[in-house]
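Next come two complexes, and both contain chain A; in the first it sits with chain B, in the second with chain C.
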Partner chain A sequence: MARIELTDIQKHFGAFQVLKNVNLTIEDGEFVVMLGQSGCGKTTTLRAIAGLETVSSGTIRIDGREVQDLKAADRDIAFVFQSFSLYPHMTVYENIAFPLRAVGMNQSEREAAVREVARVLGIERLLNRKPSALSGGDMQRVAIGRALVRRPKALLMDEPIGALDAKLREQMRAEIKRLHIARASTSVYVTHDQIEAMSLADRIVVMHGGLLQQVGTPEEVYNRPANLFVAQFVGSPVMNVADVGVENGGLSFGAGAGVAMPAGLIAHLPKNAVKLGIRPEAVRLSHEPGEGMVETETTNLEPLGSHEIVDVRLGGATLRARAEPGFVRGQGQRLWVGLDAERAHFFDGETGMALRRTA
Partner chain B sequence: MAEIKTKGEMLFNRGAILAVVVALIIMLTPIYWIAATSFKARNLATTIPPTVVFEPTLAPFAKLFTKRSQLREPVAPEVYEAAPWWEKLIYDGGEQVVRNKKTNEPTSSGFGNRYMNSLIVSIISTFLAVSMGTLTAYGFSRFRVPGEQDWLFFILSTRMLPPVVVAIPMFLMYRAVGLHDTHIGLIILYTAFNLSFAVWIMKGFIDEIPREYEEAALVDGYTRMEAFFKIVLPEALTGIAATAVFCFITAWNEYAFALMMTSKNAQTAPPYIPSQVGSGLSDWTVIASGAFLFLVPVAIFTFLLRNHLLRGMSFGAIRK
Partner chain C sequence: MADVMTRLEPNSRAAARGLSDLSIRNLFIIPTITFLIVFNVFPLIYSLYTGFTDYRASTTAPANWVGLANFRELLSDPFIWRNFTITAKYVVISVTGQVIVGFGLAMLLNRPMALKGLITTLLMLPMMLSPAVVGLFWKLLYDPSFGIINYFLGLGKFEWLADPQMALWAVAMVDIWMWSPFVMLLSLAGLSAVPKHLYEAAEIDRAGPFYTFFRITLPLVAPILMIAIIFRTMEAFKTFDHAYILSSQPTTELIAIRLYKMAFLEWQTGLSSAFAYIVLIVVVAITNIYVKYLNKAKAR
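== the complex of A and B ==
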């Protein structure tokens, strides 16, 4: 197992710069998820670590050894592709044994290693089948088996469960986590699905436009987003963002609507060009007037079974709130809305960077 | 699950079967006629109405491979008795085998050599065109080649001139460099001719093989060369088979260049068979037997590769 260090990685595709100064250290045994939209550079970063993509400049170290100029075969890294990439003309057994044949392992050792990995993944009964006869989940298990069988220094996964249906995805997510805990392999996992990222990662790396936006534990990324992009990318439903004016004792939302805030939370903010970010679960709704509550009415309702998403107007902004099922009867209902001040986030209206209290 | 068919569908199915049967009859009749004629006695080949039921004989094949002359007088019974079976068949037809004056060996008609030439030239040129074409196609498919589109167009453009146009310059060049009437000359010619086709077809097949297969092999510890042989080649087998059949048929059937570029040593079967039509009285059974033997290798080759071919033909029609 290994520690992976990326230093000042740049990558150009022609005139287009895909990676801009990527600096990242992945600790031994850590599960790091790279999260971002398609085209943000997360897959390119992963492929650069694997050696499937060259970098324009910068260094990649695996266990202290510079590998950016080494061939993929010499890096001792395993890769799981979104398409699984099982060799169609080989059986499951041959697929899993394929990396072992590259290192010239003898047949009995090979057989033992393949059987062991197949047992861990629960695919022993499939060893004689061809990949075309497997279900999506089994293909994915075989792909992981092929990656793990030679005990690589690190396991890289590029949206490994993105091609599966929702139910299977959830199940495989749990399996990947279980496997990681059992094997403690250094893992880098690329996804655009923030739920996968939150549930799997020791640390999440949020990427956008070839830049690292934030690197942190799932809690940090969720509760202390570094900027507006991270705030809106992580979390479902999406965090509410509203332009607000900062006044003495509160925030104004335009059209005369304002919400009181403790002075300690907003004293550090500039007077204007501020964006408020607030997650739907931090928007409080009430049928009764109360302290810090503003009267409003609902504009939309999305029942989701376990909870409901209620849209309410607050001055010039529409906020989405999370409510108990049945809390709201429908559109146009009178309600009082308030904000959980402790869970409010503020961002610079121009740069999008988080405005945090320095204290 | 039982399939439920409407009356209309059943009618359509019967119609389709009928159409296939009619098409088969139209296409197979000439082949049958060639095959049948090559087993007929000479006097049955041109009867009117045509002879359909006859006693098959191997006489046309015996004649095909030997040089013969007319018998002036009936052959002596003891000579006839001593002759091997094929020579008896020739005597039966009123002809005798021309024998070497010194060694008394029967003289060959040259068909056997020409048939071998056809096999040598076709097999080697097909192998060369397909292997070089596959490697070239792989390069174009997987690497960034500067001016890729222009190169591919250039490769294809070699097929745009009708071969006849370049025949005379080719003939002069071949004579100048001593490639005229050599196996190697014909092999180079057919390889060059088939290569552009092989590159284009194989590029289509290789483009369809996901790069991830090779990338998986690369991270699994293999070199690109190993990945090519262990992963790409087995996956491209269907394409290779289809391309090989087409290249083989082209080389096997080629007539114009073979006629012009070869005369004796390296001449292939296609220019030889029609040359028999004009020499003296045409023996159609001999010509038919030559044509029949000429059909066999392509039929065998295609039959052996039929599964690959079927997949190759429907290639691109189904999404994997």
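== the complex of A and C ==
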């Protein structure tokens, strides 16, 4: 297993800069998920670690050895592609055995290694089939098997379950997690799906515009977003963001609406150009008036089975709240709304950076 | 509503197409079928008949039915067998050369490079020329006195086309020059269809260039390469023009040349018809073997 260090990585495609000063250390045995929108540079970073993409400047170290100028074959890493990239003319057995044959491993050792990996992945019955006769999930299991069979220093995965249907994705997610725990391999996983990121990662790296926005555990990224982008990218439904004025004892939402806040939580904030971020589960709804609650009415209702998303007006802002099924009858219903002050986030209205209290 | 749609649909379809099925049949299909019957099917059947007669197109004497005598005579003639042997050797040299050169060129061109389109077009020029013209100017290139080939190779006055050992190689070389671009073109199509991510996967799997070529590239291009080989084998069996122009050596007398002499110099029309059918059967048999391999390659 290996420790991967990226230092000052820059990458240009012509005049376009894809990676801007990427600095990241992935510890031995860690599962890191790179999360971001299409075109944010996450796949380019992964391919640069693998050696499938050169970097314009900066250093990449695997176990302390500089590898940025080495070919992919000399880096001893494995890569799982989104498109599976199975060799279509070979059987599953031949596909998994390919990396071992390529380095001249003898047949008996090869066979033992392939059968061991096939057993772990539960694909022994498929060994004589061609990839064209496999389901999407089985193809990805074979692709993972081919990656794991030679026990690489690190396992890199580029949206490996992105092409599967929702149910299979959930199943494969659990399998990938199980494999990682069993093998403790250093893994770097790229996805645009924040649920995958939250459920798999030891640490999440959120990327946007070629820059690392935040690196942290799933809890840190979810509960203490470094900036507005992270706050709105992670979490479903997305975090509510509203322009607020900071006044004595609370926040004003315009149009005369305001919510009381403990002074200790807002004392550090400037008076203007502040954005409030609050997750739907931190927006409290009640049929009865209560302390710190404001009367309002619902503007929309999305029933999702396990819970409902309720939209309410608060001054000039619309907030989305998470409620129990059946809590609200429909739109236009009068109720009271309040905010969980401890779970409120504040961001600089201009830079988007989190405004945190100094301890 | 459904009735209205049923009644309107045929008219609106015809209007959209511009031509009715009947017009298409009369304008295109009937003339084509007539042409094929007159110029292909009828001669094919008629020559099969003449193959069983002693017919000579140079005389007015009626054709007499001789049964299998023509076929017996041909198959027991050692000179005919020699023609077949020469042709087989020629086909092997020519097609092998074309596959090596054509596939090699395709490998070189299958990468991003400046002026790729222009280079590809220039490389395809030989196959656009008339075989007779190619034969004539290669005769000049091979000329022992002023030919540029001897000049560059420093071979003095070496007689390429008169040397019994070298003449067939020299003729095959011209075929390789002319038709390698065809193999190149098909190979290029095959190579560019191999997904780039498979090469990336092979690189990650630590496969070297030779291992990648033999285990990934070649098996995936094999079906289209086999199609090129089928076409070139059939064509090489029929080689006549440039071979006839280049050399009159007995060692370069391919079956097409022998057939031409038999039919139009010796006027043995019945015998040459039987000969043509034997050649046809051989070519069909060889093609069938290739098609079997093609299907196997496709199944892989």
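We adopt the following convention: the second predicted complex is superposed on the first by the 359 of 359 C-alpha atoms of A that agree within 3 Å, B and C clash if a C-alpha of one lies under 4 Å from a C-alpha of the other, contacts with A are read in each partner's own complex, and residues count from 1 in each chain.
We adopt the following convention: a contact is a pair of C-beta atoms (placed from the backbone, for glycine too) under 8 Å apart; a residue touches a chain by one contact, two chains touch by 3 or more.
Computed from a predicted model, the values in this text were never measured in an experiment.
Peer 1: So, on chain A, is it clash or fit between chain B and chain C?
Peer 2: When both complexes are placed onto chain A, chain B and chain C end up clashing with one another.
Peer 1: Quick one: is A:W336 in contact with chain B, with chain C, with both, or with neither? Answer first, second, both or neither.
Peer 2: neither
Peer 1: For A:A50, decide between first (touching chain B), second (touching chain C), both and neither.
Peer 2: Touch partners of A:A50: chain B and chain C.
Peer 1: Where does A:H89 make contact in the superposed view: on chain B (first), on chain C (second), on both, or on neither?
Peer 2: both
Peer 1: Just to be sure I read the superposition right, which of the two partners does A:A102 touch: chain B = first, chain C = second, or both, or neither?
Peer 2: A:A102 contacts both chain B and chain C.
Peer 1: Please pick the stretch of chain B from 2-10, 56-64, 74-82 or 92-100 that overlaps chain C when the two structures are superposed.
Peer 2: After superposing on chain A, the clashing stretch of chain B is 56-64.
Peer 1: Do chain B and chain C land on any of the same chain A residues, and which?
Peer 2: 50-52, 71-73, 77-79, 81, 83, 85, 87-89, 98-99, 102-103, 146
Peer 1: In the complex of these two chains, what residues of chain A are touching chain C?
Peer 2: So the residues of chain A in touch with chain C come to 50-52, 71-73, 77-79, 81, 83, 85, 87-89, 98-99, 101-103, 146.
Peer 1: Using the touch definition up top, name the residues of chain C that touch chain A in the complex.
Peer 2: Residue list for chain C touching chain A: 195, 197-198, 200-208, 211, 215-216, 219-220, 300.
Peer 1: Which chain B residues qualify as touching chain A in the complex?
Peer 2: Where chain B meets chain A, its residues are 210, 212-213, 215-223, 226, 231, 234-235.
Peer 1: Going by the contact rule at the top, pick out the chain A residues touching chain B in the complex.
Peer 2: Spelled out, the residues of chain A in touch with chain B are 50-52, 71-73, 75, 77-79, 81, 83, 85, 87-89, 98-99, 102-103, 146, 150.
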